[in-house]
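A short write-up of the structure that comes next.
Chains: A, B, C and D, in written order; residue numbering restarts at 1 for each.
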Amino acid sequence: LTSAGVAAAESIKVAAIYTLPVEQQWISRIHKALNTAAERGDIEYVFSENVANTDYERVMREYAEQGMQLIVGEVFGLERAARKVAGDYPETAFLMGSSFGPVAPNFSVFDNWIHEPSYLSGMAAGAATETNVIGMVGGYAIPEVNRLMHAFMGGAREVNPDVKFIVNFIDSWYDPPKAKESAFAMMDAGADIMYAERFGVSDAAVERGIKAVGNVIDTSGDYPGTILASALWHMEATIDKAVANVAGGTFDAADYGQYSFMAYGGGSLVLDESLVATNVVDAIRAKEADIMAGMFRVNVNDDRPVSDN
Amino acid sequence: MIRIEPRQAPSRLMTLGIPVLSAVVALALAAIPLAFAGAGIATAYQEMFKGIFGSVFAFTEMLTRATPLIFTGLAAALAFRARLWNIGAEGQLYLGAMAAVAVGAGAVDAPGFVLIPLVILFGCAAGAVGMAVPTVLKSRFGADEVVTTLLLNFVILIFLQMMLEGPLKDPMGLGWPQSPPILDQGMLPPLMDRMRVHSGFIIALVAAGVAQFMLVRSVWGFKLRAVGENAAAARHAGIRVNRSMMSVALVSGALAGMAGVSEVAGLKGYLTADLSPGFGYTGIVVAMLAGLSPAGVVVSALFIASVFVGADSMSRAMGVSSYLADLVVSMSLICVLIGGFTARYRITRVKPLRGEGA
Amino acid sequence: MTQQKILSLNGLSKRFGSVIANDAVSLELHKGEVLALLGENGAGKTTLMNMLFGHYMPDEGSVDVADEEGNLRPLALGHPQAALQAGIGMVHQHFTLAENLNALDNIVLGSEPLRMLRRDRAGARAKIERIMAHTGLTAHLDVPVGKMSVGERQRVEILKALYRDVRILVLDEPTAVLTPQEADTLFSNIGAMTREGLSVIFISHKLREVLAFSHQIAVLRHGVKVGEIATADANERVIARMMVGADTQETPREAMEPGKPVLKLENISVVGRSKRDTLENVSLTVRRHEILGIAGVSGNGQSALAGLISGLTRPSGGSIVVDHIGITEHHPQTMIREGVGRIPEDRHHDGIVGAMSVAENMVIERLDDPEVQSRGLLKHDAISANADRLAADYDVRGPGVNARARLLSGGNIQKMILARVFEQNPKLILANQPTRGLDMGAAAEVARRLLEARARGAGIVLISEDLDEVLSLADRVMVIHDGELIEANTRDREKIGLMMAGEMA
Amino acid sequence: MMDILQILLSESFWAASLRIATPLIFGVLGALLCEKSGVLNLGIEGIFVAGAMAGWMAVWLGAGLWGGVIVAALVGAFFGLIHAILTVPLGLSQHVSGLGVTMFATSVSYFVYRTALPNVSSPPRIEPFQVLDIPILSELPFLGPVLFQQTGLTWLAIFMVGSVWYVMNRTPLGVAIQAVGDNPDSVDAQGLSVYGLRIGAVVAGSALMALGGAFLTMSAFDAFFFGMVNGRGWVCIALVIFASWRPGKAFLGALLFGAFDAFQVRLQTEVGALVPGQVFLMAPYILSIIALVVAARSADYPRALLTPWFKGQR
């Protein structure tokens, strides 16, 4: 107990390496959790953002050389190389967003497994659409995005088998004006609910006075009265667990993916109950309980979603 | 009043001293953003130095970063010599990389001494085709190659996404838009244990040497220079202008393609859509800093890579935003440009002669 | 002409690196006077005028200009704006026209303040039309300058100067691109204006004009003013001796028996973008030991004819035979291979790659030659040796064979091209305006080389707007007009002049 | 087929086209001014970024919306001045200087943004330009909804098309700029300053480009993001050739590109499952290239483009 107390007082040195700016939704969740931990005094936090994949390995090694105790990041573009680096620095803990598995002794992985709340948000959307057309604007068709879209579509279809989806990827993480135009085009084609994977989509929804569903981050404060529901990702569970393990000297190779599940508080659904019909709210809550209780599993499908014709 | 006059013969000291001096000035200017971000200046420079020369690792990382820049720098230098404004090295790089994984990732199963040349050959050929298209559009239709190559970069990048989600997608990639890895025996061998620097660097040096030699010593280089300096006179003198343009286009594209091969088969092993953080564009800067001399390209690529790697590492050590690195690189570029100018021209103040003799 | 001093250049000097272009040159100009400024190529004439006009900043010296009341006042140097305000206008040796603008815009450019929100085009047009009516210099005001013939461009240049109400007009080789008739008209117009008080400095290599139209002659040699003389006291010999420092020799043309044909054009047509590069059903034959002179006003199809013989232009019909061999692939390379030597009209544009060395330019037409390369690699030593030899033989002077060709003076560039062409013993030589802009000495050298080649057995096509040159060199004369070629069965200046104007066709 | 026609006839499609075209209109006009004077400005992409960031940040710090627009223009002018000094009096390579300015402007903007906002996960929003709804005019059939769904900046862009045309063709200044881009000697010989005209044109052109960026953060959206300019600047470089350096055609070209883009997303929503989505994303670029090939024959470049000029030298 005393040793753990000392470790906490010394606070752990954590570095994060992001391939995109910290405003990117996905990254912003990790960044937020780390900042929270830093504010609590658990960790000392530094980060490098917008690191090109070419440079990623160098940055990992630099941080490891600097004596960072925990390095957090995403290695989707360099799975193999990242594991090699981890092998070279067995004293350093690595916690990386990854599609593959952990590697002993020090390489752990996580991912944004919030398909459960996405499914629930889909239920809200499916019930709310009157035109039976839902528009979805994505950045890139990568598994992390596709998976949530499919879960959302599954939820919507459960409550409304007639619903059709229009899907569009803008091939850019940051082009809100383009995302907005894409959304407008979908609305012109009849969509009355928008799945807002990118910045810009909810803005379009506000302008046309229709509803949107949020994803990863909670934007209901920015668009009051527009966001029906959002599937949120909370990295706190994952980060806190990893930090505690490092502090306790018990960090080892593990898959932290489960800490993004609802049951661990890694994922959650916020509903704007003033916008969703009570019977729908009830159905969603019931489904949520099923999920928490392990009675319902949301399908995982990483393929690129396409529009219904 | 200020006049600009060409220097008659820039002295040795100047041709060597001025680039060094301008690099120093550029680094001194980096103090401004550092101060803006509230970092300690002296330690910052120390950290920057350490980031380049502080360890074998740092130094090899710099060489690794310089490797693609030498290739794209050569691609730009040769094309620009012929006044063929190839702004499309970025796209050609990706074409090269796509071709490299298309043959190297299992389509051909051959021993390394067959597979490596094959990967290089296909990569270079793909890059060459990428430059041949705008060159044909230029010579047949007069379409400006600055614009066509620039736009083709976008087209190729989008095409790459399509391939990575389609035929080139790794079935084992868990859905990620990435290609399968190049077979182990198809990879360019690394130069040092545990370091990323690979034999692509050696190939780049050889390519620069050959390019330098060909430019100065060969009939091909003669024609290329003549076409670049005065196409009308070259044609009047019986040089096949279009043919010469096309040949340099192919070489330029091939070199850019080779940058892609080197990155994918030397470094990463497989292809994603963010293989290059703008190596194609930086190559233009590298080439111009080198005065379009192939040998100079090596020096300026090493310079740019050092500044970037050093400033990047310093930004981390100092806890300053990592955008600092790009900022320092771009300031260095501008300083070296101006420095190169002062080596060639003299800016003099002229006293006005008004009223004398009256 | 009066005795009122209107301009005085006081000890102007200008150095370019090691070249002393002007060394303490002083000049005076009086109201109504026409002063001719003479000198070999590179003597520093243009430099002197550029200092006067503010393009160049002198290293030493000053300039005084008379104001409206006739009081001499110092001129602020280095600013064309100041020169214009002081009533100095300049027609430059090379056109300074924006080709995308029409004549009106070119003329008015710079005369209205830039902050004006609109232009007074009607007023400007009226003023220009007045000037045109008064001087007889006309141009199409609404046609883009790029579409104009050189003669018309030259007139626009002069109108441009006159529009600014100049009192001193500087003309730098104004007739280099004009036909004799055009030149005569120009000078008689200028003569009329001098009687109204205009003062003129003009630079020319054509002694005929100088003697006919100037009052006073100043001569520069190597940047130094070597003398001044009243035109009334001068003749060609005197002037030539002042310019060169020695007498020049003319090469006599010996009679020769033409041999077998080396060039046959049969019913050749060329479809060009404009009349300047159009040919209609042209036939001609050139034999060994023969110089065929093509006389004509510029812009009548000379460039198409030259393009055809140099391989740049593709005919739309007809056949070309060079020494029994029918030409099917129209490319300069083919013509070079068939033994055609070409002296281009525009040396800087077509003749040299200015950024490459003199030595490289001397072998640029024979890169396949085993003397120049082996297995695709250049033989640098052989190329240098070749250059040294040619530079000596052809008296190419300049900063050395390894210097950029651009640094040579116009005359020396031409000598370098002659060296390149004549060394290959061509069967046929195309000489397009070979002495344009050259001083007397250099022009005589070109003539000597052409006659030498003829004696050796080459056939020569000499295209020139200088009728005197054609008549003195050619064995046979044809006139080109409106894309058609007519044999001139006469050597009468007058008659050929009329044919050039299309009046006897 | 019916669907396509329906798209092309819909008001919202043309309104979208005009919206997408607006930043391009600013950009093409800016590039046109620079190139007409003889200077290629590849700094455009970076100047877009700087304009987007500066305008937005000024408003966020408390300036009014039009104040933000002015700040953006000034920042664009500043980067234009750097490019102008490097390429005009110093005569350095316009390609490199331009790419250098793009790097510099981009990295300065990013660095300043991040240093000012080190710890945001979502950038602060501003209150952007609102749609200008002019009561009676917006009731006009078709034109009303197309034109009056736009913000003040789109109107400014349209106004700039006319202004640039007027300046280039009807004022002494514009004629001088055209002349300096064709043959600097012509201007010099008439007592005008080649350097002054070129520097002025590049600075003014760059200010216009920055407005294109400002549109993105102050009208099309209400916050700044890294990478949001996303190649729009480069597209302008192509459009200016397509437009043969004419303001009217520049407007049409930008609108055409906007229409491709608007059409592409709409078509994708119709037939998205049949063709890979990327085909649509590529379409505007490929069509630009084709348009360029078609237009190239008649394109008459400013003759002095890319050629530096030094006073007192030949």
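Keep in mind that, in the parts below, a residue touches a chain if its C-beta (ideal position, glycine included) is under 8 Å from a C-beta of that chain, and two chains touch if they have at least 3 such contacts.
Bear in mind that the values here come from a model prediction, so they are computed numbers and not experimental data.
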{"item": "Chain whose average C-alpha position is farthest from chain A's own", "value": "C"}
{"item": "Distance between chain centroids, defined by C-alpha means - chain B, chain C (Å)", "value": "45"}
{"item": "Mean-CA-position distance for chain B and chain A (Å)", "value": "36"}
{"item": "Chain A, residues touching no fewer than two other chains", "value": "49-50, 141, 171"}
{"item": "Where chain C touches two or more other chains at once, by residue number", "value": "57"}
{"item": "Touching two or more other chains - residue numbers and ranges from chain D", "value": "110, 114, 278, 281, 311-312"}
{"item": "Contact pairs between chains, per stated definition", "value": "A-B, A-D, B-C, B-D, C-D"}
{"item": "Parts of chain A lying in touch with chain B, wherever the complex brings them together", "value": "19, 46, 48-55, 57-59, 61-63, 65-66, 76-78, 80-81, 88, 99-100, 140-143, 146, 171, 302-304"}
{"item": "Chain B-touching residues of chain D, taken from the complex the two chains share", "value": "40, 82, 86, 89-93, 95-97, 99-100, 103-104, 106-108, 110-112, 114-115, 118, 231, 234-235, 237-238, 241, 276, 278-279, 281-282, 285-286, 288-289, 292-293, 296-297, 299, 301, 310-313"}
{"item": "Touch list for chain B against partner chain A, complex", "value": "55, 57, 61, 64-65, 158, 161, 165, 173-178, 181, 194, 196, 263, 267-269, 272, 274-277, 309, 312-313, 315-317, 319, 321-323"}
{"item": "Residues on chain C engaged by chain D in the complex (per definition of touch)", "value": "50, 53, 55-57, 79-81, 83-85, 90, 92, 94, 96-101, 105-106, 108-119, 160"}
{"item": "Contact footprint of chain A on chain D as seen in their complex", "value": "7, 10, 12-13, 16, 19-20, 110, 114, 119-123, 125, 216, 220-223, 225-228, 230, 261-262, 265-266, 268-274, 277-278, 281"}
